[in-house]
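Okay, got some structures for you below.
Across the two complexes that follow, subunit A remains constant while its partner is subunit B and subsequently subunit C.
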Partner chain A sequence: MAKITLSNLRHSYYPAPEKRDDYALKNIDLDWEDGGAYALLGPSGCGKTTLLNIISGLLTPSEGRILFDGKDVTDWTPGRRNIAQVFQFPVIYDTMTVYDNLAFPLRNRGVDPAHIDRRVQEIARLLEVENMLDRRASGLSPDNKQKLSMGRGLVRDDVNVVMFDEPLTVIDPHLKWKLRSKLKELHQRVKHTMIYVTHDQTEALTFADQVVVMDEGEIVQIGTPVDLFARPAHTFVGHFIGSPGMNVLPCELRNRGAFFQGSPVPLEGPVRADASGRAEIGIRPEFVTISDAGLDAVVVKVSDVGRHNVVQAMVGDTKLAAIIEGDVPHKGESVKLSFRQDQTRLYCDGWLATEI
Partner chain B sequence: MKTHNQKAWFFVLPVLFLVAFNALVPMMTVVNYSVQETFGNNLFFWQGLDWFENILRSDRFHAALGRQFLFTGLILLIEVPLGIAIALSMPRKGVWVSVCLVAMALPMLIPWNVVGAMWNIFTLPKIGLAGYFLNDVLGVNYNMTQDPVAAWVTIIVMDAWHWTSLVVLLSYAGLVSIPEAYYQAAKTDGASNWSIFRYIQLPKMKTVLTIAILLRFMDSFNIYTEPFVLTGGGPGNSTTLLSIDLVKIALGQFDLGPAAAMSLIYFAITLLVSWLFYTLMNKDNLN
Partner chain C sequence: MQKRHIVPVLYILFLMLPIYWLVAMSFKTTGEILSGFSLFPQTWTLDNYRTIFTDPTWYWGYINSILYVSINTVISMVVALPAAYAFSRYNFLGDKHLFFWLLTNRMAPAAVFALPFFQLYSAVGLFDTHIAVALAHCLFNIPLAVWILEGFMQSIPKELDETAYVDGYSFPRFFITIFVPTIKAGVGVAAFFCFMFSWVELLLAKTLTAVAAKPIAATMTKTASSAGYELGLLAAAGTLTIIPGAIVIYFVRNYIARGFAMGRV
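Let's turn to the complex of A and B:
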């Protein structure tokens, strides 16, 4: 087990990258603490898998170093780094039994048979596959196959990090939940550093203690699930996390005060002195309410999503979502909307620009 | 209620008609010859199973069958491992892929009799490239029209040259279908190259290899044109494989009855061995 440091990491799939856009990863500096449960969250194509493959050693970064406990491992092979990776599609050795599959990574490293047996039995019990140990792995159901792939990652007790690359993609929805909680439980027991890559916010937020949000090859925010929801550092995080995501409203910045369609909007705190560029107000739908005073809006759509209603309204030419519990307005109705002040933030060029 | 309607059988008729003309009728003609004796003039005499008994007891048949199994066995032993080895060393990405594939496919595009004729000229002492090189440059006494061992080496090498590509192409198709994640997982599991071959590549190639081995078995067991053009079955009878012997009996001696009986036995052996191969290789999948 180790603390993993990524230092000034850049990676491009082009042989001679020139522009900033040529890089799939643009300058990553990050520490993964030993024993942490991390999620790497971001839309498809944002560089998550590239970053993962760089940590595992399947890819060599164009620039920058990777350190395990301060030791430079950038040039080490995946085998030497002693890491484990679970892939999107279950990788199992068809001709082997479940037992042999689990024992494979240990046997390759010449671990003594008694210890192998102990570890295999232990992992099989954790994954609830102990009654299938003698079966051929090729006959297993997809979720058991994926469990087996995970098991091969967890079986080594000295592994530096276990990485999961969207491991639940092929799993049926009702089993996803089960496997996800299993993973969480496993992490609490084995205390390996785990990095879980996904584009699904629910998976990321339920699994991880710390979520790393990526967009276009950059890390936009690192924080606990609560942090990401409560105070997104970037409009991308606000928009990407939450259902529906944060409202991002173009506004004007005058004398360090925000004006939305001409009317002043009270913010959570003072605007940073150096704030400049494209100004936007960020407010989550959860904190938009219908009240007697506020912005004039016309309701364009009301959707009942079960626990509450999502109201879509137009303020001038800007669309805004609000989550309303209790009485809802009708489509076409004129309403007044107000924002909860301590949840109303200003973003400049996408980045958070208010202080508290 | 279920309605019963037998009209669907009419849809089977075209297939039945086709199969009758390309398999059943010719085959029945052979069966017909195999149980009768004829002296021409459309005169036939019932012979029962005598021809079968004669063939099965004849030393000539045993010898030809033995040579046939030796030939096919050597072909499989050489071409299957060699084909896999070549497929493994071929590039999986880049411009060289198509170059390799075309180079591999070329020998298979050449007609059988042309292959025989090519190798005949190629191996001629004094004139042929291989014949000249072996005799006059290396000083090996090589003449496949006189030396049975040389004749055998030549037909085996010729077949390997002509058909190893088939095993290569099929194995290669199996190899490129393996997702990259398998190799990545094996790397992080610390697997050696041999383990990767044994536990990932070989199992994934199994289906195509079954087909490759079956095809190579059937084709080499029924081989006729190339050795016939190259050695004509000689020197002596040393390269007289089953099919060459069969043609000698049928068209050389015009013994239609024994030839028909021999064809049926030949066919039965091919069918039986193919079935055995297939069943054994798929045993694990059926369980």
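Let's turn to the complex of A and C:
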């Protein structure tokens, strides 16, 4: 187990990158603390898998170093780094039995047979595959294959880090939930450093203590699930996390006050002195309410999502979502909307620009 | 018999007829074959087979054929496995063109290569050896094997390789102990096609051999001997020539179905 440090990491798939856009990863500086449960969250193609493959050593970064407990491992082979990686699609050795598959990473490192047996039995019990240990791995159902794949990642107790690359993509929804909680439980028991890559916010927020949000090869925000929800550092985080995502409303910045569709909007705190560029107001739908006074809006759509209603309304030419509990207006009705002041933030060029 | 069975039964009869005729002839005497039409052998004889198994010019034909076919299959697989791996896993300059060019090698008739091979092998002293025929057949078999194997390897996710590296495998160990067993169906199919091509190919095999490595198919083309026509003997030789192919097909029949399903073969 180790603390993993990524220092000034840049990676490009082109042999001679010139522009900033040539880089799949743009200057990553990050510490993964020993024993943490991390989620790496971001849309497809944002560089999550690239980052993971660099940590595991399958890719060599164009620039920058990777340190395990302060030791430079950038040039080490994946085998030498002593890590485990679970991929999106189940990877098992078809020609072996379930037991041999699970025992394999240990045997390959010359671990004592009695210890191997103990670990394999333990992992098999946790993943509920102990009744199929003697079966050939090739005949398993996809979800059992993926369980096995995850088991292979977890079976070694001396790994520096276990990495999961969207491991639940191929699993049925009801099993997803089960495996996810199993994984969380496992993490609490074994205390390995775990990095879980996903583009599904629910998976990230339920699994991780710390969520690292990436977009276009950059880390946008690192924080607990609560942080990310409550105070997104970037409009991307606000929009990506939450259902529906944060409302991002173009506004005008005058005398360090925000004006939306011509009317002033009270913000959570003062705007930073150096704030400039494209100004936007960020407000989560949870904190938009229908009231007697406020912005004039016309309801264009009401969707009942069970626990509450999502109301879509137009304010001038801007669309806005609100989560309303209780009585809902009808389509076409004129309403007045107000924002909760301590949840209303200003973003400049995408980045948070209000202080508290 | 139900009506819907009639067409398939007729078709199978149509396919089996020449084979039946060959087998029936192999148990007849040459005199009976030449004397006219008979559906079954009137006088059963095993003399034809006895001659083949006792006369060295006949049975060495089989041994020669099996030798160069085996050498060819081994060389083709040893070369094609790494090549197919490279095509399936790496992008390099001109990889698509090279892959296509490999296939175009199969488009030229074997006769085109008969003369250059004959001259080349005579010059370097390989003429009338098993290895000469095996190498000549590689020209056709390696591209085919690469093409078939590449299809099978494509269907194995790259993550298998990556997991093995993370598990601490070196590349050669991974390739031999994990990767090849994983695509053993593909290896079976590719080896089968190499075997079959080399087994049935006559022109190059005949051109490149004289006595020492003469294949069975070449022996069979001498229809007349000092004793006149020996049709019964030829029929027996033909029957025996079908058998190795049939045995190999039996072993790879399930894999071939899978190969077809994967869009290659």
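Couple of notes before you dig in:
Methods note: the second predicted complex is superposed on the first by the 356 of 356 C-alpha atoms of A that agree within 3 Å, B and C clash if a C-alpha of one lies under 4 Å from a C-alpha of the other, contacts with A are read in each partner's own complex, and residues count from 1 in each chain.
The rule is simple: a residue touches a chain if its C-beta (ideal position, glycine included) is under 8 Å from a C-beta of that chain, and two chains touch if they have at least 3 such contacts.
Since the structure is predicted, the reported quantities are computational estimates derived from the model, not experimental observations.
Aligning the shared subunit A places subunit B and subunit C in steric conflict. In the superposition on chain A, A:F104 makes contact with both subunit B and subunit C. By the touch criterion defined above, A:Q188 lies against neither subunit B nor subunit C after alignment on the C-alpha atoms of chain A. In the overlay built on the shared chain, the residue A:N255 is in contact with neither subunit B nor subunit C. Shared-chain residue A:N131: touches no atom of subunit B or subunit C. Legend: residue contacts after superposition of the two complexes on their common chain; A:S44 is shown touching neither subunit B nor subunit C. When the two complexes are overlaid on their common chain A, residue A:Q88 makes contact with subunit B and with subunit C alike. According to the touch criterion, the shared surface of subunit A, contacted by subunit B in one complex and subunit C in the other, consists of residues 53, 56-58, 77-79, 83-85, 87-89, 91, 93-95, 104-105, 108-109, 152.
Considering their complex, residues 53, 56-58, 77-79, 83-85, 87-89, 91, 93-96, 104-105, 108-109, 136, 149, 152 of subunit A touch subunit B. Contact residues of subunit B toward subunit A in the complex are 179, 181-182, 184-185, 187-192, 195, 199-200, 203-204, 284.
Residues of subunit A that touch subunit C in their complex: 53, 56-58, 77-80, 83-85, 87-89, 91, 93-95, 104-105, 108-109, 152.
Note for the complex: subunit C touches subunit A at residues 157, 159-160, 162-163, 165-170, 178, 181-182.
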